[in-house]
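Written out below as structure tokens is the structure these notes cover.
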Amino acid sequence: MMINLRRQKEVRAVKRVLWCGFVLMFVFFFSTATLYADSKAYHVGCIFAITGKASWLGEPQKNTVEMLAQKINESGGIDGKKLVLHIEDTQGDNTRAVNAVKKLIKKFNVCAILGPSRSGTSMAAIPVAQAANIPLISCASAEIMLQPIEERGWIFKLAQNDSDAVRKIYDHLVKRGLKKVGVITGTTGFGAAGRDFLIKMAPEYGMEIVADETYAPGDTDMTAQLVKIRNSGAQVIVNWSIVPAQSIIPQNMKQLKMEIPLYQSHGFANIKYAQAAGEAAEGLIFPAARIMAVDTLPKRHPQYALMAEYKSEYESTYKDNVSTFGGHAYDGIHLLSGALEKVGDDPAEIRNYIENARFVGTGGIFCFSPKDHCGLDKTAFELLTVKNGKFVVLEP
Amino acid sequence: MTEIILELKKLRKNFGGVVAVDHMDLTVESGSITSMIGPNGAGKTTIFNLITGFLKPSAGNILYRNTDISGMKPHVIARKAIARTFQNVQVFPQMTVLENVMVGRHIRSKSGFIISVLVPPFCRREDKKNRTDAEKWLDYVGLGHESDKTAGSLSLGNQRKLEIARALAMEPKIILLDEPASGLNARETVVMGRLIEKIRKMDITVVLVEHDMELVMDISDQIGVINFGRCIATGNPAEIQSNPEVIAAYLGE
Amino acid sequence: MRHKDYMGLGILLLVIIFLPFVITNDYYLGVLVFTALNCLTCIGLCLLMGYAGQISLGHAAFYALGAYATGILTAKLGWSSWMAMGTGVIISAGVAFLVGVPSLRLKGHYLAMATLGFGAIIHIVLIAAVNMTGGPSGVVGIPSLHFFGIELNTDTRFFYFSWSTVIIGLLLALNLIHSRVGRGLRAIHGSEDAAGSSGVNTSVYKIKVFMVSAVYASVAGSLYANYVNYIDPGPFDVMHSVLLLTMVAVGGMHTIWGAITGATVLSLLPEFLSSMSDYFESLGLSYQPDYDTLIYGGILLLMMLFLPEGLVDGMNSIRRITSTMFIRARKKLVF
Amino acid sequence: MLRLVNVNSYFNLVHVLKNLSLHVNKGEIVTLIGANGAGKTTTLRSISSLHPVKGGRIYFNDLDITHLRTEKLVKMGIAQVPEGRQIFWPMTVRDNLELGGYLTFKTDGKKALRAGIDRMYELFPILRERKRQYAGTLSGGEQQMLAIAMALMAKPDLLLLDEPSMGLAPLIVKEIFRVILELREQIGLTVLLVEQNASSALKIADRGYVIETGKIIIEAQASALLENQEVKRAYLGRDKRKMWE
Amino acid sequence: MESGGFTDFLQFIFMGLQRGCIYALVAMGFNIIYSATGVINFAQGEFVVLGGLMMVTLTTGFGLSIVFAFLISTLFVTIIGILMERCTINPVKKPTVLRLIIITIAVSILLKGVAMIIWGKGSHYMRHFSGSDPFVIAGATILPQTLWIIGILGVIVVAFVVFFNLTMTGKSMRACAINRDAACLAGINDRNMVMLSFALSAGIGAVAGIIVTPIIQMDYARGALLGLKGFGVAVVGGLGNSLGAVIAGILVGVLEALSGGYISSHYMDAIALLILLLVLFVRPSGLFGSSEASRLKEF
């Protein structure tokens, strides 16, 4: 009996220690809640995939917004108010993205959110922002994010439309008289969206999809898929992916001595991919934002000045190549700082401002409207090619 | 004439090329204490494993009350009221002593997964009965005061008793004890001997594998001596002690 | 069920009832909702690992089955959420049966590999079966749950609902553990041989408990889909299975309370770290989110090095040490 | 040469060795006999540190070796032939012998190793015939010889032999014991022999200890033990004949 | 280019060989540590990543020759393996398998974090070792880098056979894995052997990373993916059996390539995995594992 009593006491003590631990943790966890009650500043939230499997997307975006915010604040802020960025990391994970958006909205009371970087995380974050009536400006490309438009009134996106990239490619194919298309896509959200549009829009352009293959991000060799495409009699291959593995396709094609033209998606817009593919990448064609080939762009192009400045600043600050992804963040901050300057930090006002915004960005010439929350069309793309290991504008 | 409860007929077990049990014949009378002795590695535990279904015999039969049980799964054999203990005690260390014995009540109760999750009244009643039964068996082996401890914290002697209590809780007809006294000190061994005799008095047949010869000689009705997988002699303790073959097997020539 | 479990449940219930009054910020409630989902899955996994002694590196797959059953049936076919959740449970249990029958004959690393392979296959199917699952683009527009006419569309409501589910799941799991069947399961973990010779049908029990743990994961998955309103294959990869396993092991897999502790601590840790980084930055220190990974790994490593039996057990020994110190100090004072 | 003083040892919960003390003089063959489970093997494992000792001291050549690591002890000259012929089954006989001479190889190099192996082949000619075979395919007696040869490869001063006769036919047991005697003649090896098979062990031993449930109950000259009725009691229990007749 | 049934088949086999050799190398790393400790080292994938990243830095960053960079990277990762063993595995007093596994998971997270901070988040590429002009065999083509991979795997397998069968250290490592007690009684220091096993498997991981980087572009987060595949291959080959790992690795690679080529590239990994699972169900201890070994090492 004595033993029993003592045991029960022990058990109680254990429980007490346990819960004390929890309570302590909670207290510490929540104690930082009111650290940011600075009303003399504009609070903007940013969520990017800074670490994790898509960190190569989020990293340049984070760098870009930090660089811009510093520049803005050094030159006196917006209307004399500081621009405070709250940057959260999604790790490319949907759950984290939801938490991060909530944190930005509820804890930091941000007036608008820039990001997330990926389509999946954006899709997960959208219902939260929509329900909270906070504008969310995604840096991902999936058009499904904006649909249906009446339910996504608070959602915008800065990346060019996948469908426009497909249009750009198909236009070019029509011009060259190629009809039989072999499609090969990576199994990520980006690849799947592209595959969808490639198949859906083919009849519109009189294209025939003769092969439809995929590869996983970790694959090391795609000759099996390419052999299948070769046997299908395709006249052209479209490789749609955003992961590094896509560089293997041109190499495998060269290995298989396939001489049909290769088109890549705007996901190829990373000079490292071209460098990794080496000479095999020479001559492939892909639609991309002009920032990727700013040096070969005519100087009179309306985007030229802006992009050249961004490129030189970014590359000197971070010793890294500029990318379209960082460009989205650049456009986002420009858009938001414009909004804040004009209408202050009321979310609804910002939303209305963006719905009618027109400006020149790195991604193209934006022209938002209540019906179009992307504001870009296929003119945002330029067909680029790889020449001597560099991206250059394709000679018409 | 007493009934024969267990009969091994030409039992044979080989692991690859190694013959562990060979041409083994043994009959166990109901209500008796039968001991199996023999040097290390003679195949005694293998015989237990064959009887309780952990191993399948390579040849031969095991008859339990005249039905062949060779090759059945352990839990099926357990349901036929054959209980056993293990050479290196196998209590459930994370569970309390009482819960250990309640596991022994497994075959005497029914509630399945869904009932266990929802706990309807009849399940509660069954559980309560199991608990009182288990307590009874704990008292029987003399562990009533330890029921709330975790089994892993008991001394070895008590773990052996607990194992026996768990086996008895199955209300077995026959109980196979694998070295119940190994690792026990002299006093504990005496207590164990008394416990085994007490079990026999309940009309439960006991089959024993044991190295402690004092214990074996004290309590056995019948002893089988096993060497190299064969039964080299059977008889009462006095016969065994004077059997030259047995002495040779043990002490060498 | 034992006294201390009732006490634990009571305390947990009280904490949950009053927490939303203390924490008025929906963000924290949202974090705690995900914590609840992890707790639910870990309860099931703990039944399997801690009580039946079988390992699974494929539990994210059951989480996915639940989520996708809810997602596809509600968003695409317009079923009610409850029906969808039930169907998910049935599908998960069925799949667990089919996978469990051949897999649970395997042991140790081989079992781990079989379940891991199963998890990987399910993940590939989620990506590749575009027509059904939407592929990497996922399923959109999953409706929120309705509970007796109340739409669970705010964080507070869903917080209460998800934690109620955890409590019910905990209650049922504790019932199971302290029942005849539960004793059989724990017996299997203690010694499979002794359990068999006590009449426990070890192979059937293993399969059944695998199914039960799949059901827990499936319910958690359905709740995830209903809460986030969007699913894609991302959260259901093998690494999530590994994370779940880690949660159970860190908490201490021998008690359900350990699993819950582990799930809570590891679910809150990243948010905690990111709060820390805010704190550091408010102090003017530069802190990169990159360090989170390092600190996370470091904490996990230290926990495993110094609290081998998990947090709950570790706390017990800390308490034991402090109490003996206390007693000694008191003795000194008396004399 | 070897002295155990009040050694205690536990196996999980079981108090296996209870204040066990014994000694082995240089050049002696001492046997430790007793029934199954009496603690014979644990004694040997405790000496070679394969099993932790709790309480008590072990001295070798007057050095305290109680808590030294196994490989240190081997280096000092204590070799053990473990119970149950624990050779490396999937490796060849020659590989096994080489591993036995691991330390020789480390200190004296390849030549010494080869010489050692050749000596073992002389001692156990059957091993030379079998040198390319996998150890697992040898017969029981050959395996036992290999195990002993492996231990001898370490050039020990003291050999701990754990039940070399277990499961072997009497003729082979005789052969093995013959070799042990020969070794003592040749190189003055000291042997501590643990045996269940008391008669044959006592025939070659100088001195013997009888161990019962972790305690030494008798210590005497081997010839005296052979006649001792107590020894039989330790194995077969109290004499029941009187009671039954 | 002509194409036909056989040419295509050969092409798929080449592809399978390339993938399979990489799996085999990773799996061999798992096996070495498993043999010595009974633990699956979840940080194995990180060794691969570190090897690859180090190689990129040394060749493209410091301009070292490939051979030299190869050696230094391998050495670097080997040292990390040794450090890992000394700091996290060796101090564990009561090692249970599950505990050690979680420790290796923690180490893998740590190493990943370190790699992220040092090498950043982008992918890193390097040139193929000797150009990228393919060789043509019966109409099918094979890249020189693939030949390098196959060759290096071959060299490592031979080196392994020599090391574990002909050298004393190798034999004593095997002895430790077979019977720890008996090895100690032969005077072998088992703890050093465990350390050596970490060193070796880290080294092999590094080699795998180095030869695969020219193909896949290495980034810090790639370890998990490579590791999981390698783990599967190691298990199916029979844990602790390096030859089994090589055969199973190539089998898996070829199965993937064939199912990708003839059935569906969408499900190629799933089909290969399914076949692996079936193999496991038929032979519960892997293709070449012994059933006793699998019974001994449980959680």
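Should a chain be cited, it is by its letter among A, B, C, D and E, assigned in written order, with residues numbered from 1 in that chain.
Convention: contacts are C-beta pairs under 8 Å (C-beta built on N, C-alpha and C of every residue); 3 or more make two chains touch, one makes a residue touch a chain.
Just so it is clear, the structure is predicted and the values come from calculations on it, not from any experiment.
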Least step count from chain B to chain E, where 1 means the two chains touch: 2
Pieces of the assembly after leaving out chain C, positions unchanged: one piece
Most widely separated chain from chain E, with each centre as the mean of CA atoms: B
Chain of greatest Cα-centre distance to chain A: D
Centroid spacing, where centroids are CA-atom means, of chain B and chain D in whole angstrom: 33
Approximate Å spacing (C-alpha centroids) for the pair chain A, chain D: 72
Inter-centroid spacing, chain C versus chain B (mean Cα positions, whole Å): 41
Chain E: positions in contact with at least two other chains: 116, 266, 269
Where chain C touches two or more other chains at once, by residue number: 128, 290, 293
Complex contacts: residues of chain D adjacent to chain B: 11-16, 35-37, 163, 165-167, 170, 196-201, 213, 231-232, 235-241, 243-245
Chain C contact footprint on chain B (complex, rising order): 52-54, 73-75, 77-79, 83-84, 86, 90-95, 99, 102-107, 109-113, 115-119, 123, 126-127, 130, 163, 166-167, 170
In the complex, chain E residues that touch chain D: 165, 168, 171-172, 174-175, 178-179, 181-189
Residues of chain E touching chain A in the complex: 1, 3, 8, 11-12, 14-15, 18-19, 22, 116, 120-125, 127-128, 132, 134, 141-143, 146, 212, 215-217, 219, 221-222, 225-226, 229, 257-258, 260-261, 265-266, 268-269
Touching residues (chain side chain B, partner chain D) in the complex: 39-41, 154-156, 159, 179, 182-183, 185-186, 211-218, 228, 236-238, 241-242, 246-247, 250-253
